[in-house]
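Below are two complexes that have subunit A in common, paired first with subunit B and then with subunit C.
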Partner chain A sequence: MKSQGAAAAATAGPEAVTAAGRGRRAGAPGAAGGREGRDGASGTARQGPARRRVRRQLVTSPWLFAAPGLAVVGIFILYPFVSTVINSFTDKRQLIEGKYVGLANFRELLHDDMFWIGLRNSTLYVLVVVPALVVLPLLLALLVQKQIPGITFFRSAFYTPVVASIVVVGLIWVWMLDERGLVNAVLEAVGAGKVGFLSDQWLLLFSAMGVTVWKGLGYYMIIYLAALANVPRELHEAAAVDGAGPVRRFLSVTVPAVRSTMVLVAALSSVAAFKVFSEVYLMAGPTGGPAGEDTTLVMLVQRTGTGLTGRVGYASAISVVIFVVTVALMLLVLRADRKEDA
Partner chain B sequence: MPAPKTAPEAPASHVPHVSGENRTVPGTRGRRGRVRDENGRRMPLWELILRYTLLLGVLALMIGPFLWQLSTSLKGPHENIFSSPPSFLPSDPTLHNYERVADTIPVWDYALNSLKVAAANVFTNCVGAALAGYALARLRYRGRKAATLVFILAMLVPVEGIIIAQFTTMRDLGLNNTLMGVLLPGCVSALNVLLMRNAFLNLPYEVEEAAFVDGANVWQRFFRIALPAVKGTLAVVAIFAFMGAWDDFLWPLIVLSDPDKFTLTIGLNYLHGTFANDERLVAAGTVIAVLPLIVLFACLQRYFFRGVGEGAVKG
Partner chain C sequence: MRQSRSSRISRSPRGAVTAAALAAVMLGLSACGSGDDTGSADASGKVEGDITFQTWNLKANFKSYFEGLIDDFEKKYPDTKVKWVDQPGEGYADKISADAAAGTLPDVVNVSPDLVAPLAKAGLALDLDKSAGKYEKEYLPGAWESHQVPGLDGTYAFPWYLNTGPLFYNKRLFKDAGLDPEKPPKTYDQLFADAEKLAEESDGKVATLANVPAIEDFGRYGVPLMNKEGTGFAFNDAKGVELLTKYKKLYDAKALDGQALTATPESTGKKFLTEAVAMNPGSALDLEKFKKDAPRLYKNIGITPQISSTGKDNMYVMGVMVNTRTKQTPAAVAFAHFVTDAQRQMSFAKKVAIFPSTKGSLDDPYFTKADGSDQTRVRIAAAKSLKTAVNYTPVLFSEQMKVELRNAVARALQGKQSPKEALDNAVKSCDRLLKQS
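== the complex of A and B ==
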């Protein structure tokens, strides 16, 4: 929030100064913010009708300003959220209104193998992808931190996978990892033999995780770069004087200094990883690989809830599990952060 | 290539000595004359070589797959794309695959659909987020805190979890299987509203106060003073709205069923599902989908990077 404030203030700087110079100051320049209503009545020589006009504007215009945003968010985010929770207690289907069935959907989940497969895969995804996305982008940020010639090019190049659609990225890697694709051609050329990246249940899942990490590296690298810029030089200098090598300096100076950023990255990437859909959908296919063993929870929601006979109620119950785990992940990361502090 | 280890780097490098290990950048003087690290220490040659070696290695890993896709898309029907060892450059580059992909699926219509949704998404997000952000940051009214809370809650809702209910809502509105249906759920994103709110909060209040005293009404203050001062954040919102809509996959996949209305990402998925064995064709399709964004990124890098910082802080 600090860096953003600085940026916005910098943008505002010159205009703010000139405009402030030109304008007359209002009565008492009290504390910033929230003075909108009071100014009209603060006795700055404003006469009756004009004042009433301002008053009226102040009542209606805030809602006019906020209305489009509130409407969209209310109708397309919050209402669907609430109805997802409500539907999870019904046997509603697409095109068929449901009735209240209590916890039946959740009880069914407990005996649904596909649900457990989905939960297992989504959880595995978090366990593998999050550590990789906390550590690797930090190392990458250290690599591109120094202002050596051409570094801007490298930074941009490493960010390119972030810009590309997940569909493009997924299809690129489907071809790279194909039985006859580039990776296997190289493996074969060096005599290592072919690997069925896209045919084995586990290799498929781990390949998809690799793709997720590959696409996320550049994004988190930029976050870390901003954090690294704030690490005090003196710390590194002092450590160097004390004879600490690069590895030691990394562990004792850099890591503690960017720790809050690491927590942020862990929080962002764990929530994203648990909700993985596209990579696995594209690489394993809509049915989730051999015997559906690569299905993730969001894939299961999509598969269960859509179509003419889509079981909206049951899919909503899976969604509720996703909500709960997402919140739990956030709390877990924040709690781990606090524990380390103590 | 092994880094030649010469003098012990740390202590010696503080002494200004001249030797072959100082890399100098031709044509520059003074500060940029030598490559130094953040402590003003001259970087030894071995470290430079190590750094560039690693950088080039990562570069190959990050850009290589894109180039391989491009190369595949340019290879003609008679060239073996499965050769081992692989041939990285097309022996006889041709645009034939791009014509074929247009014959197979209406790829240009799909691109146009994506462009329509993305452009509309940019417009609605900029307008909606700026207006709502201004209301949250600057206007004083009963319920402002509640309104802010609504946007914060909306930002926290995991969208992947509510797609089925969104689809049902869209069907009730009669908008499923339309581009409008693709656009609407994200057309004013809560994150963007909060980004704009923060940008407005960071403006010095005195300016608008002065304008208020001079008799400017709320719209005048918004358009003439506040909005021009947050152009940077608005650009970030615009770019990420474009990228978000152009790249989106899950929601269009659910809401669009009619192949005539597909966006590019859904079209590519369809192409892949139907013609999976024609790698040249799929490669050409992906190049068409990714090229506009790479160009946009190359032109507006600054805002892409800035958006990461701002989005991460709020997200």
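== the complex of A and C ==
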């Protein structure tokens, strides 16, 4: 289906391009509809069918262009989305078709301790990770923004964790934080004693957050670097002339100039943080830490919904909750931005 | 001026942010569908046609064995063609469930009892009592029964290879703690006493066990796991509470490893290799690994039988099931039987440290005659114990139930709930999951 759409668009390609071009020129001055009507009435008989063809292509050709993209979105995003919402109202299992159960799954969620643990952990993840990922990469970007010899090395070095596979990164941190790992060896050498990074529920969660922040720094640093390049030099110079020190210049010039980028970073990182899975799964293990206390919502979806006995309906209900919370998070971030704007 | 600049910068990202966020959010959701068509259950026709055979993580090490086996089968039945696919060990259940839901499950599938139960309930596993009952007498009775599902009549897979193993222990660590390295614990009481001594003598640095008790440990301790009808779980009885209480004491004394609550079989295996833990259950396969990866441990390795209050060791069973939707039922049944018959199982057992489930095979000199090597000693002991061994894990004990039990055990060990309370809750959750399955 996807390749079919692509082929149709390809064959229609050149003709459609010229048609669209003509259409734009024709419709450019004034209200397109009225003009075309008048032109059509005064046009010769030979021009009539051609114009109609143009008009028809005006309607169809944009859709032909969009068809491959729309097909991908429809098949891989819209359809799974709608079917998840539908499943959330059924008791569908992996191997057994479900029947409609109304809000039963959502009611069950309210009494499911594991759901509340998951919601708590995912929320906590957002609260800790997002501020860190909004501020730290900006400072890092300022640090490597300067054009001094060898700076490219540092930029690349800070970006390396982004490129590395999360599984590899996770495993390395597991080894380092193990009771007999590097970190504990250092702590013991300085006489601080062993710390159970991987056995205490809170230390585990914060260790995973640490990995998320460490791995995300470089990615958001690049976004900030692009934004910083757009900050006009004159503003800094003017502020310096007015006697502003580096801190004052950072707060009064840099921060306002990259504020919209900060909103973008906050939005992207809060969605990612709320949906965290890999780091916690790798570090806390498939059980989600001792007694499952480090389970996040997405881990819960994976645990309840997969395998031969997976409860697809119930897992879908959790997914819907994740969707709603994430949308709410986005609105919150955007609203905060708008308020500051006004 | 600054105001207008910042609002101009922010306008375009806001649209982008909303779009990106929506896309990111929706990508988090997904689902599956399922098909419906049933093949014949009659296996008496002519053995012919193309079938697909799926194994579980066997291609890497046994490629030539299976290729030879398939050649032999195709020679015996010239009108057949067998396509062999292998799936990695990790995520095997997910792969099967995706295939089952999509209607692309292979004709003949390597399964274990807990995998076969949901497939049988969904009507995807062929009842062999009906289609292949004549072969039953070729297998050990316990092995044949291991693929029966409470609540359903029938047997849903041919028994294939069995595995069990001894308890390995580290003689050096035993000696350091002042214990006799030649007298490993034989009973649970001895085990717990030795474990506490080891922890005490090493200042809590050496734990004896690295795994929290799983369902098969409760079974081996003599705890009834399910009620007689197979309709509910029962491991919260006095015996179960007693076992968990003892483990709690071990955990507090650091005789159970501090990271046990989040341990995986791989992580505990590694702890034993690095001599951080004094005992670990294993199989004959592990001896080779010790020799290669941990020569220092291998020099001090002690081998002792599994500890059990019931007199019966735990065993793991593999099976081979036939998909009810196969278009070639006679060929699929014939092949599944061919893979698991006495001759094929015996030659497979000689390639790798597993044990055949066919009658009489365990009496072969290969499993009874000592030659002085550790490998053979372990093999003979395991073969002997298999004659009475039990697959303690209930067929209906799903992945989700394992997690419930594990979390309950963790809560009890951490002291957040009493052992009784924790097990009561676990039984309640598992019963609920059982009803939903």
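By our rule, the second predicted complex is superposed on the first by the 269 of 342 C-alpha atoms of A that agree within 3 Å, B and C clash if a C-alpha of one lies under 4 Å from a C-alpha of the other, contacts with A are read in each partner's own complex, and residues count from 1 in each chain.
The criterion applied here is as follows: a residue touches a chain if its C-beta (ideal position, glycine included) is under 8 Å from a C-beta of that chain, and two chains touch if they have at least 3 such contacts.
All figures in this text were calculated on a predicted structure; none of them were measured in a lab.
Asker: Regarding the shared-chain residue A:V163, is it in contact with subunit B (first), subunit C (second), both, or neither?
Answerer: first
Asker: Comparing subunit C with subunit B, which touches more residues belonging to subunit A?
Answerer: B
Asker: Going by the contact rule set out at the top, does A:Y125 touch subunit B (first), subunit C (second), both, or neither?
Answerer: neither
Asker: A:A284 contacts which: subunit B (first), subunit C (second), both, neither?
Answerer: So A:A284 only meets subunit C here.
Asker: Figure out whether A:E237 sits in contact with subunit B (first) or subunit C (second), or with both, or with neither.
Answerer: A:E237 sits against subunit B, while subunit C stays out of touch.
Asker: Under the stated touch criterion, which partner chain does A:F115 make contact with: subunit B (first), subunit C (second), both, or neither?
Answerer: A:F115: touches no partner chain.
Asker: Which partner chains sit in contact with A:Y224 here, subunit B, subunit C, both or neither? Use first/second/both/neither.
Answerer: Neither: A:Y224 stays clear of subunit B and subunit C.
Asker: For A:F89, select first, second, both or neither according to whether it touches subunit B, subunit C, the two together, or no partner.
Answerer: Neither partner.
Asker: By the touch definition at the top of the document, which applies to A:V298: first (subunit B), second (subunit C), both, or neither?
Answerer: Both partners, subunit B and subunit C.
Asker: Between subunit B (first) and subunit C (second), which does A:I75 come into contact with in this model arrangement: first, second, both, or neither?
Answerer: It touches subunit B, and subunit C stays clear.
Asker: Jot down the residues of subunit A that show up as touching in both complexes, subunit B in one and subunit C in the other.
Answerer: 77-78, 80-81, 83-84, 87, 94, 178, 180, 264, 268, 271, 275, 285-286, 298, 306, 310, 312, 316, 319-320, 322-323, 326
Asker: Could you pull out which subunit A residues touch subunit C in their complex?
Answerer: On the subunit A side, the touching residues are 77-78, 80-81, 83-85, 87, 91, 93-97, 178-180, 196, 198-199, 204, 230, 235, 256-257, 259-261, 263-264, 267-268, 271-272, 275, 284-287, 289-292, 298, 303-304, 306-312, 316, 319-320, 322-323, 326-327, 330, 333-334, 337, 341.
Asker: Please give the residue numbers of subunit A that touch subunit B in the complex, ascending.
Answerer: 1, 3-5, 7-9, 11-12, 15-16, 19-20, 22-26, 29, 32-39, 44, 50, 54, 57-59, 61-66, 68-70, 72-81, 83-84, 87, 94, 140, 143-146, 148-149, 151, 154, 156-161, 163-168, 171-176, 178, 180, 182, 184-186, 188-189, 214, 217-219, 222-223, 226, 233, 236-237, 240, 264, 268, 271, 275, 277-278, 282, 285-286, 298, 301-302, 305-306, 310, 312, 315-316, 319-320, 322-323, 326
Asker: Report the residues of subunit B in contact with subunit A in the complex, numbered from low to high.
Answerer: 10, 25, 35, 37-39, 43, 48, 51-52, 54-55, 58-59, 61-63, 65-66, 68-69, 72, 82-86, 124, 127-129, 131-132, 134-136, 138-141, 144, 147, 150-151, 153-154, 157-169, 171, 184-188, 190, 193, 198-199, 201-207, 209-215, 217-219, 222, 225, 228-233, 243, 246-250, 253-254, 264-265, 268-269, 272-273, 279, 282-283, 285-286, 289-290, 293-294, 296-298, 301, 304-306, 308-310, 312-313, 315
Asker: Can you list the residues on subunit C that touch subunit A in the complex?
Answerer: Contact set of subunit C toward subunit A: 2, 5-7, 9-10, 13-14, 16-18, 20-32, 34, 93-94, 96-97, 100-101, 115, 118-119, 121-122, 124, 258-259, 261-264, 267, 274, 276, 398-400, 403, 406-408, 410-411, 414, 416, 433, 436-437.
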